[in-house]
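The following block contains the structure, expressed as structure tokens.
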Amino acid sequence: MQHPHDETRHRYSESLDATLRSTVELGALVLENVRRTTEALLENRLDLAHQVIEADDEIDEKYAALEHRVFEVMARQQPVAGDLRFLVAMTRILYEIERSGDLAVNCAKGLIRREGYSLSANVQSLLARMSRKAADLFSRGLDALADLDAEAGARLDEADDAVDDLVGELYSAIAQRSGDMGFDLAVELSRVGRYMERIADHAVNIAEHVTFIVTGSFPEEPAATKDEG
Amino acid sequence: MTIPDPRPETRRFEVGHSASIGASKSAEPVFDIDDLSVTYGDFRAVEGITLDIQPSEITAFIGPSGCGKTTVLRCFNRMNDLIESASVEGSIRYHGVNLYGPRIDPVEVRRRMGMVFQKPNPFPKSIYDNIAFGPRVAGHKGNLDDLVEESLTRAALWDEVSGKLAEPALALSGGQQQRLCIARAIATSPDVVLMDEPCSALDPIATLKIEELMLELKKDYTIVIVTHNMQQAARVSDRTAFFTVDVRAEGVRTGRLVEFDDTGVIFTNPREQSTEDYITGRFG
Amino acid sequence: MNASAISAAPEAVGRALSQHRRDVRGSLFRVVLLGSLLVAIGILVTLMVDIVARSLPVWGDRGVVDLISTEISADPARAGIWQAFYGSLILMVFTAAIAFPLGIGAAIYLEEYARDTRTTRIINANIRNLAGVPSIVYGLLGLAIFVKLLGGLTGPSVEGRSIISGGLTLGILVLPIVIITTAEALRAVPSSIREGAIGVGATPWQTIRHHVLPIAAPGIFTGTILSLGRAFGEAAPLLLVGGITTFFSTGDAGFIEVLQGRFSAMPVLVFSWARLPQAEFKALTAALIVIMLIVLLLINATAIYLRNRFEKGVTS
Amino acid sequence: GDDDGDGEAITRIAISGSSTVEPISARVAQAFHDIPANSSVAIAVDGPGTSDGFVLFCNGETDISDASRAIKQAELDTCLANGVEPIEIKVAIDGLSVITSVNNDMVSCLDFGDLYALLGSESVGFDTWSDADTLAAELAADGLGASHAPYPNVTLVITAPGEESGTFDSFIEIVLAGIAGERGTEPEPRLDYQASPNDDVIIDGVARNGTSLGWVGYAFYINNTGAVKALEVDGGEGCVAPTPETIASFDYPIARPLYIYVNKARLDAKPRLVDFVDFYLGGAGLVAVDGAGYVRLTAEEQASWKANWESRTVGKVDG
Amino acid sequence: MTTRDQIATALAGDRSRRSRERRIRRVFFGAAAASVLISIAIVVSLFGEAWTFISNVGFPQLADIGWFPRRGFYDIRTLLVGTLLVAGIAMLVAGPLGMGVAIYLSEYAAPRTRRILKPAVELLAGIPSVVLGYFALTFISPEVLRPIFGEDLDGFNLLAAGLGVGILTIPLVASVTEDSLRAVPLALREASYGLGATRMSTSIRVVIPAAVSGIVASMIIAFSRAIGETMVVAIAAGATGGSLFTVDPLGGGQTMTAAMASLAIGSDRVRGDDYAFQSLFFIGLVLFLMTLVLNILAERFVRRVRERY
Amino acid sequence: MQHPHDETRHRYSESLDATLRSTVELGALVLENVRRTTEALLENRLDLAHQVIEADDEIDEKYAALEHRVFEVMARQQPVAGDLRFLVAMTRILYEIERSGDLAVNCAKGLIRREGYSLSANVQSLLARMSRKAADLFSRGLDALADLDAEAGARLDEADDAVDDLVGELYSAIAQRSGDMGFDLAVELSRVGRYMERIADHAVNIAEHVTFIVTGSFPEEPAATKDEG
Amino acid sequence: MTIPDPRPETRRFEVGHSASIGASKSAEPVFDIDDLSVTYGDFRAVEGITLDIQPSEITAFIGPSGCGKTTVLRCFNRMNDLIESASVEGSIRYHGVNLYGPRIDPVEVRRRMGMVFQKPNPFPKSIYDNIAFGPRVAGHKGNLDDLVEESLTRAALWDEVSGKLAEPALALSGGQQQRLCIARAIATSPDVVLMDEPCSALDPIATLKIEELMLELKKDYTIVIVTHNMQQAARVSDRTAFFTVDVRAEGVRTGRLVEFDDTGVIFTNPREQSTEDYITGRFG
């Protein structure tokens, strides 16, 4: 904010800052898990997949704690205006982050279930590009959050289209090779695609919640209420 | 935490002495205040207030102490006349009539505007006589008993006092006294009720009762309320005017209107940074 | 209930709000009130003017110093007020010496120490009533106690009709007033100040000494000194205690002897002279009154001065 | 005083009693006090009235008692019983003056019957002079005087001394007692008048009303001739106005002697008291009598009373 | 030593300080006790002689033709009526004038006007009663009353005394009334103006009723003061030695205080009836009791004001 | 609550009631859309599918309005304790409901994309049972919400297992017949299964949010943070 | 809206006169209050209060008017001794010492507990003398100037007043005065600071400053605060005690402790229905 606000309410203000920081940190943990998942998928690293699942426990814990903190701040500080938007958005953002973490775990679980995938180079490369793109988007969502960058929503929405395109490509590739890889794997891979797509969606949602925090309204046709096409 | 201000730099400075008025409505206003300034002796307490009060709405005035909320409110029924040093500039139109016009009788003005004060101030008379006072001095012709009952009923006090109208008003609890004062204020059939921090002397329970009552009354009356309690403004008002006080270099403090808008907007997404700072508790 | 004003056109509203007729009764009421104030002040002015006018011959012939320094006499040509003048002054000193410490002390006890028991309440009520007892009754008290009962101490060779008896009587007369005004001044000290002091661990006396008394001081000073003014103007009790107005001399009496001797006082002299038929005495009485009023003015001015001084002391 | 120059103890002289005599005593005291050698003497003079004065005197509370009549036997007995030994000294002659307002032209002379009719115990309730007409007629019929009736029909406001006063007693004794005895009534004046121990107040009261009536010592009359005038009094030998001559000669029917009484028992303890009385009986006293407006005793009388003082004779001497 | 013991020791405090506090307290108690002694002394000194009087004179003798203590007539009614007459006249003056002054100062006068006028009224309060007696005698009676009543007016009269006492009590009524008017919270006035009442309605219907106890108290206090006032009556009404029973204010008369003064002036040994001197104390006692009752009454009313706000 | 609370704050209380009612109504709209979707799927009714999409516009609108209302109530009433739990939970529940609506739309869109499915009787019946079960679960979730029934969470979680089982069965059936129906349809159908499963999950989440409203804590191992397996 | 109570019926009645104490901690408490009852004359104001105050925490007392918050607080430093009719039963242990024990000097007790009152009550003396008074009467030996500076610094007032220590304290604003009173309270080096509605006379800005200060002070002091303002309790306190007042048939009103728990719990999920009703504004 523009003018100095002395000591007044700085603790409350600080606790909002801290909440933001912790949320971004939680997001970073999830981001790391997403990246780990990608690596596990591409390199059939079951150990990494197990790491992902393990790491998610910590994420869940931190999530619960943070969610409780946000709730308690709402109960104790009676926020209004920007602060309230921030806190309400934060409960949503936390949810988005936590969900993203779960999606990574889902991928990892699929990999473990099948004890690794054997993929064609084409699919492999598609998967790699898609996963990296999704992780990248997620990372940019977190940046938008950390910077409270109200404009990021639109940029991310655009970037999300790229992920969607890659997912589309992946589906086509899977469909073409469904005979080769067997139905189960095909379904599994299409799920992975879907998970990554949704991680990207969550990232876009996060950015849009940031817009809400800053401006008080969602961007036109917000992604959060867009049909999950 | 510092939420960045998304508004272009200029926006924030564009607000001159006349505040940004987001809530101007097109309906025929009850009060139309234009460029109002009030001076106590040499001391300009508020300056350049422009706002309108819409019928059957609750309009809340909030802002830091000394920003002139009370001063502005007391212009509405010319209570400031009682302070010798006070002088008023600008115009206050009430249903189109300039209240400070030459032929206006302040006594008549006050009969049309009920006023409720910070501390409950019933007369040390019976409950009945408290209500009947206004109509009596105004030379009321009709049935006083009915009027008393109606006023008390509207003020949600009839059930509690119907059996003891002859008892002294001072025997009532603080919250009941304040409702009695409201009943007294509406007994003269005003169309406006002005309230200056009506709950600041009450505990939370009585406060909420009065707030309920205000919401009930706004069906029939236009209400203007000054409050220190932002939560109260948020809870009860339809529109909120946020005043602030500018301290000039020489230490002169002058109140001005910063923002006037629907209460929902003020408390979820105010236009002005200083409003947001105030309502979220971040102020110098 | 309120539809009328809302729907009305501005002209109708304007008409309703404008003044219909002059408020004749209101103006009359105001005139009557102002009248009574003017009458009251008029009386005061008349009194002053009348007395000053009557006293004028004295100033021309005698002068203030002469009047004050000349002894009382039945002969208007050589009558002065000396004994009455110093009698009054000594009486004031006595009164103050009796009433101030006792009165302030009693007030401190009652306000700051005494628990709110029945006894305390009775004492308080008793003191308030004492303040309303006619001064002549105090004269009876002085007569019975200081003159008769304690005459051997107060004025062994004048059968108790001494300045000591007079001073004690006046002291007791104003004691309740001193207590009440002091108590009021103490009561006016917000209890939050006491709580503040007690709260940081001050003892009762530290609280009184450092906070209560300094804050109450202006009030105490004004109250007590004004009570001196009251004593100064009292004649009735002194008449009973034996203030005399015909000739008396003290000779070269020492201080104690003067105190134990007969005395006069200005109001007593006024009482006596006021009824003398000679025109000279009428003028002398007026002159005496002028001097009394000047002394009273000085007393009040002292009170105001002290109050201001102490108020400043408190706030700086 | 412990710190005066000569270390001499203060002598206090208390003089009280008659307000009629008070002006004489006060003047003497003042003159005494004016002599520097007397600075160790503190004198107080007041005048509550002869009778009250004797109460104090006989109680040992005063050194000198002024009296506008001689001490009564009962008073003397009380004094002696209390160890107070009065030395009687006659100091002047007074003409008890019956006064009215200077503005009253309707009456100029009254006899004892008139005075009884207007002021005696039977006159209670007479608000106008003429209310006394009937009584006066009755008195006249009985040969008790009242030759100046009928009286004018104007308000009668009386201001006169009260019971504490020797002047009150003298008036009864000289004017009223005889007729009251004849008529079998109380030898007292009526009740309903303004009674004051203070002669000045009486003068003032009489002066304040145009048709007033009252009586005071001659000095008070003669010092206030602008306010009051004295009526002539007919004691059976025609109307006589009070003048120094008629008083000195007792031609004026209600002339009377004035006394002081000195407590002999105090003289040893208070040597300065002796000086004071000596002073009183010297020229100072005569000057004072003149100054006050009373009439001097004859030289012989002065000498005889001086001798009486010198011999310290206790008790009633005169009459 | 444990911390707990240390704390316990610390909290036990300093004995010498406590005994010092007790001593100081005792000194002040002594002062307060003195005031009680004085009351007792008053009552005792009055009662002793008054008892002698009443046990010898007897109640039937208290109704007689008039008050002539030196002659054994002790008609207390004469004194009471005289007293009430003077006090009544005084109240007729002081009541309306005092109230008018008070209402004007508290409700109408602008602060600046008030700052000037109020001390002027207070000045009147500071004037000694002998001065007013002189004024009544030398001015009111001859210059004001005489032209009105002519010869019906005695030189010394109760009317002038009553007026003098009235003037004396104006500031008393004014200040007690004004205090109670000003004790009425500003909020009540604002409420009244807010309801469209004029200044007069506000004064008459709100402020005065709210202050009524204080106003009544001021009247009682003034009445009590008037009853106890000595010097004005003694000077202006003549301080006569006695009076027949009379209700005529134009003539001289007796009030209790004036009767006491005339009995006592210059001497405490009065000749005449054996109990004349004691009658002084008897009247003193009656006066004391009367004012006591009035003061208690006034106290009640004042307390009512205080309780309310 | 137990004792009468007079007039006091009844408006606020009423506005909370109204919020609850409106939310349940919104849920009912979504439920209807879910049912409509089921019918469309089973009977290849493209008209119904279009109706579903249309109806969702109203749902989105109402959702946005309700969400804003909840936000404004939070800003203006400074809720604490139960009220705050209610409002915070309500933002979540609204999100769950809205998402469920979107999932129904997704199903409808899939149907329209393929211009109807031709399904074997077995798959048809499985799909029917699963969809009805999901709709049923959603309805029960709404009931739990309407009644603020804290215990419903556990019951619904159990019932959800049945849906999961049906989805599993559906997957197997699709896998067996993937050759017959073609890969695209198989993927499409597996998506429908997934959507229905997630609608059921949303219902469970709603019930669990209700538990939070009432008790202040989520049931043990709350579904909302369970991995989306 | 009526959120059903999930607690079994019995739970709600199980709360006898000793409230459910969710927040009892094992650490050595500063105060240990057991079954405290206070009676004014015949009138039992509060009954059966059992709670403990932990070091370096802020404990808030909330509850409706007349429930006895002030009464309980003033037992902590024996300020109730000043009220003649007050008598105290039960035990209050301060670091294990019974404060109402026979050998306890209340003056010493008060030197160890700073107290801050509802209305700022600086002495009408200089700022310096206000702070120095407590140490002086306690016979402070060290450097007073340093102590004054330190106290004012701790009370976050030094910067504002350092240049004008000799000026009258009454010239400060309300909020500054209250901070001055806090500085005065801590100048005697207490380990506890008791505050009775310290912000109720202040405007929102000053209130928030005081709240900041309390949070700062709790590092070094144990703080107990009575407040009417639930939001304030929510904002600043670590633990909150909710009192209520039971009205018995005869109209006798006795305060009791309903619930005492971590503030977070009280404001998000209180145990007792009556607590919830109170903090959410639903009360009879």
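Read from first to last, the chains carry the letters A, B, C, D, E, F and G; within each, the first residue is number 1.
Operating definition for what follows: a residue touches a chain if its C-beta (ideal position, glycine included) is under 8 Å from a C-beta of that chain, and two chains touch if they have at least 3 such contacts.
Note that this is a predicted model, so its numbers are computed, not measured.
Within the contact network of the assembly, the step distance from subunit C to subunit F comes to 2. Traced through touching neighbours, the fewest hops from subunit C to subunit G number 1. Ranking all chains by how far their C-alpha centres lie from the centre of subunit B, first place goes to D.
Taking D-E and A-G together, the pair of chains sharing more C-beta contacts is D-E. Centroid to centroid, with C-alpha atoms defining each point, subunit E and subunit F lie 88 Å apart.
Rounded to whole angstrom, the centroid-to-centroid distance between subunit E and subunit G, based on C-alpha atoms, equals 49 Å. Multi-chain contact residues, meaning those touching two or more other chains, occur in subunit G at positions 107-108, 112, 205, 208, 230-231, 234, 267-268, 281, 283. Touching two or more other chains at once are residues 46-47, 61, 198, 201, 204, 207 of subunit D. Within subunit C, contacts with two or more other chains are made by residues 203, 244, 275.
Pairs of chains meeting the touch criterion: A-B, A-F, A-G, B-C, B-E, B-F, B-G, C-D, C-E, C-G, D-E, E-G, F-G.
Residue ranges on subunit F touching subunit B, taken from their complex, read 6-12, 71-72, 75-78. Residues 1-5, 8, 10-12, 14, 22-23, 26-27, 29-30, 33, 38-47, 61, 198, 200-201, 203-204, 207, 223-224, 226-227, 291 of subunit D are the ones that touch subunit C when the two sit in their complex. Contacts from subunit A toward subunit F in the complex involve residues 56, 60, 63-64, 71, 74-75, 78, 80-81, 84-85, 88, 91-92, 95, 98-99, 102-103, 105-106, 109, 171, 174-175, 178, 183-184, 186-187, 190, 194, 224-229.
Subunit B meets subunit C in the complex at residues 30, 55, 94-97, 99, 101, 103-105, 108-109, 112, 150, 186, 189-191, 220-221. Contact residues of subunit G toward subunit C in the complex are 77, 79, 82, 84, 107-108, 110-112, 114-115, 117, 119, 121-126, 133-134, 137-138, 168, 170, 181, 184-185, 187-188.
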